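Sending over a structure as structure tokens; questions will come in a sec.
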Amino acid sequence: MSQPHESDRLIRGRQALAAIDGEAGEKVISALADIAPDFATYLLEFPFGDIYSRPGLDLRSRETATIAALTAMGTAPAQLKVHIEAGLNVGLSREEIVEIIMQMAVYAGFPAALNGLFVAREAFTAREGNAETST
Amino acid sequence: MSQPHESDRLIRGRQALAAIDGEAGEKVISALADIAPDFATYLLEFPFGDIYSRPGLDLRSRETATIAALTAMGTAPAQLKVHIEAGLNVGLSREEIVEIIMQMAVYAGFPAALNGLFVAREAFTAREGNAETST
Amino acid sequence: MSQPHESDRLIRGRQALAAIDGEAGEKVISALADIAPDFATYLLEFPFGDIYSRPGLDLRSRETATIAALTAMGTAPAQLKVHIEAGLNVGLSREEIVEIIMQMAVYAGFPAALNGLFVAREAFTAREGNAETST
Amino acid sequence: MSQPHESDRLIRGRQALAAIDGEAGEKVISALADIAPDFATYLLEFPFGDIYSRPGLDLRSRETATIAALTAMGTAPAQLKVHIEAGLNVGLSREEIVEIIMQMAVYAGFPAALNGLFVAREAFTAREGNAETST
Amino acid sequence: MSQPHESDRLIRGRQALAAIDGEAGEKVISALADIAPDFATYLLEFPFGDIYSRPGLDLRSRETATIAALTAMGTAPAQLKVHIEAGLNVGLSREEIVEIIMQMAVYAGFPAALNGLFVAREAFTAREGNAETST
Amino acid sequence: MSQPHESDRLIRGRQALAAIDGEAGEKVISALADIAPDFATYLLEFPFGDIYSRPGLDLRSRETATIAALTAMGTAPAQLKVHIEAGLNVGLSREEIVEIIMQMAVYAGFPAALNGLFVAREAFTAREGNAETST
């Protein structure tokens, strides 16, 4: 991981993660430090340094896609919460996020949408606790 | 299904389906005629008459969400193809659709993204065969 | 949502929800009030007002299908618990519910069935706490 | 597999498979002969000799559960087709099978239900080709 | 379950479960006693008496396969934890287990791998609490 | 993609892909050329240049994990076929591959294992057609 030629992706990934996920992203990275530090590097490099840094799709659309997919899959509520906060960070309104999640009832069933909405409520409440506002 | 008070949703659903999915949507509805005609009605009413007709999220974002979810789930390639065509219909470029699908490698794995890309190629090719252009 | 022409489905949905899910259903509806009140309406209208109110399949069979599907999917334990209670409400015995869940080991694997059985124990215990009897 | 003490389960499994799945079950067993003959034995013993032979749930309800689960999962259309035929064999009507599958739109999304309905049409048509009637 | 001819599989299953899962396996079996005792028997007989007792694949490889599958599926974290401990019991090192889980990012996405790593940390920590060492 | 500092991962990825997947891997890469050439680069870099090139787990174990996960997921039969061939390339016997797939009946259900076995038969047959031998 310390090869000098990889640092561009890593630096770009750290910047993208900070811009998109804020503190929540940092927590995931540091949570990996004792168990799988290389995985933290990969997480910065590929999803953030490579994919989220590509110019062909704006971050609002990228978070729309991620919130939709994680709601539909239903197996990663913690990551869904991080990306709902990320959606707010990159300009999605609460209303838009609720619309995305409700729409998943059509593709993944009502329980998936319901569980997604309850995660959204947690994310919105956490944000209020931080005296932040959105929408 | 013939209760007069339900016709608004049905009419709205037919209009939304025509605007979003075009002929591909019509084919799904008529394919249901012999096996489950009521399901065709529900499909027009709830997904299209209710959800896609809501004002809180633009159709571009709705198709972004659907393409992402169906790519991530990996169990409905025929419906993914219909929604890739729908994405083009409501203003997504081919490049944007490819970006949405590639991003799913992060959330649902490389095989899900690969299979999504192959469905996109089919959808793009079918469109060219129809002498239509996009992007 | 207050359009007069939708009230039949809503009324029918509320009645079906009350008959099938009892208090557990009411809790889900009120839990949606602050985050997505329209989704509560859709939940009453489509699953309960449309699907569960159809005459072609008895409620015992409908809950058999739902308990099986939610056990197999494994992503919605809270909704599985509600539908195990609903199964008891519409005439399934505890023994039958345990049989349905055990059978899912064949189609979705032993962990899915195990997790379903642990949800069933919670549902059965909650019911005893309410001094209700079944089977 | 040839231990004499296991023959009861195997015999019971063969009888259950013949009663439930008919020829379609036999085909699956013989398709395994060259690649994994022991798996054919397990398939007869555990799902059919153990689970489907248990007295606590009637075969109609067991096939209701299986059709629901396989529709919701969406990853095994060939097995879903076999169990739709099995459902007809043990007394479910075509209308009931269509109801079970449509209901899955609520729990697993509209594409899962749509794909299940198309499998049902194939199963119903194949049966007509055999000059058999049902419903 | 008390038929004398089934005891070989049951005995073999109990031995395999004890050798592979140790106390964690025993806990699962006794947790089933009140809700579905027959399912405990099936769990000993088929997965452990039949599959894990087959000679064609060593236990290290069997646990590699199980850890990979449960990480990828993401619906059974409790069972994944048991099998991470089982992996240590049959000779996988912590490093190897972390590699297996990280690799699942490729096939099931980064959230699945992340959640698997967090389960692994719990399993490793629990083991240290028991003053056991591995790797 | 042409930045000189990324060439190490790309070169390492190409070598790993060739060693593991042989021609089947090359076909996937070239199939991406017209629709998403950057995704081909990512596929070489992250799964093959990063993950499969890590020293902490031998390739036999890596393919065991991948075959297990893809069988359990059931959504990527084409990729499962490639990795069954890859398993043979890195030293797994046909018997071992069949054992891995059969074991998935325990974790993901009998239909997932059945479908995996049918993919294995295709992969084994294709290999014989190439006059290659294994096991």
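All chains are identified by letter, namely A, B, C, D, E and F, in their written order; residue positions are counted from 1 within each chain.
Just so it is clear, contacts are C-beta pairs under 8 Å (C-beta built on N, C-alpha and C of every residue); 3 or more make two chains touch, one makes a residue touch a chain.
These figures come from a predicted structure and were not determined experimentally.
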> Between chain A and chain D, which partner chains are common?
Replying inline: B, C, E, F
> Where does the B-F interface recur among C-D, A-D or B-D, taking recurrence as more than half of the contact pairs being identical by residue number?
Replying inline: B-D
>> For the interfaces B-C and A-C, which has the higher count of C-beta pairs in contact?
In response: A-C
> Based on CA centres, what chain would you say lies at the far end from chain E?
Replying inline: B
> Over half shared or under half: which fits the residue numbers at the contact of copies chain C and chain F, same or different?
Replying inline: same
> Taking each chain's centre as the mean position of its Cα atoms, how many Å separate chain D from chain F?
Replying inline: 31
>> Could you work out how far the Cα centre of chain A sits from that of chain B, in whole Å?
In response: 24
>> Based only on mean CA positions, could you tell me how far chain D sits from chain E in angstrom?
In response: 29
> What are the residue numbers in chain B that touch two or more other chains?
Replying inline: 38, 42, 46-47, 51, 54, 70, 72-73, 75-76, 98, 102, 105-108, 110-112
> Given the complex with chain A, which residues does chain E contribute to the contact?
Replying inline: 73-75, 98, 101-102, 105, 110-115, 117-118, 120-121, 124
> Considering the complex alone, what residue numbers of chain F touch chain B?
Replying inline: 28, 31-32, 34-36, 38-39, 42-43, 46-47, 70, 73, 75-76, 78-79
>> With touch defined as at the start, can you tell me which chain C residues reach chain F in the complex?
In response: 72, 105-112
>> Per the contact definition, I'd like the list of chain C residues that touch chain D in the complex.
In response: 46-47, 51-52, 54, 56-57, 61-62, 64-73, 76, 95-96, 98-100, 102-108
> Touching chain E in the complex: which residues of chain D?
Replying inline: 3-6, 8-9, 38, 42, 46, 50, 54
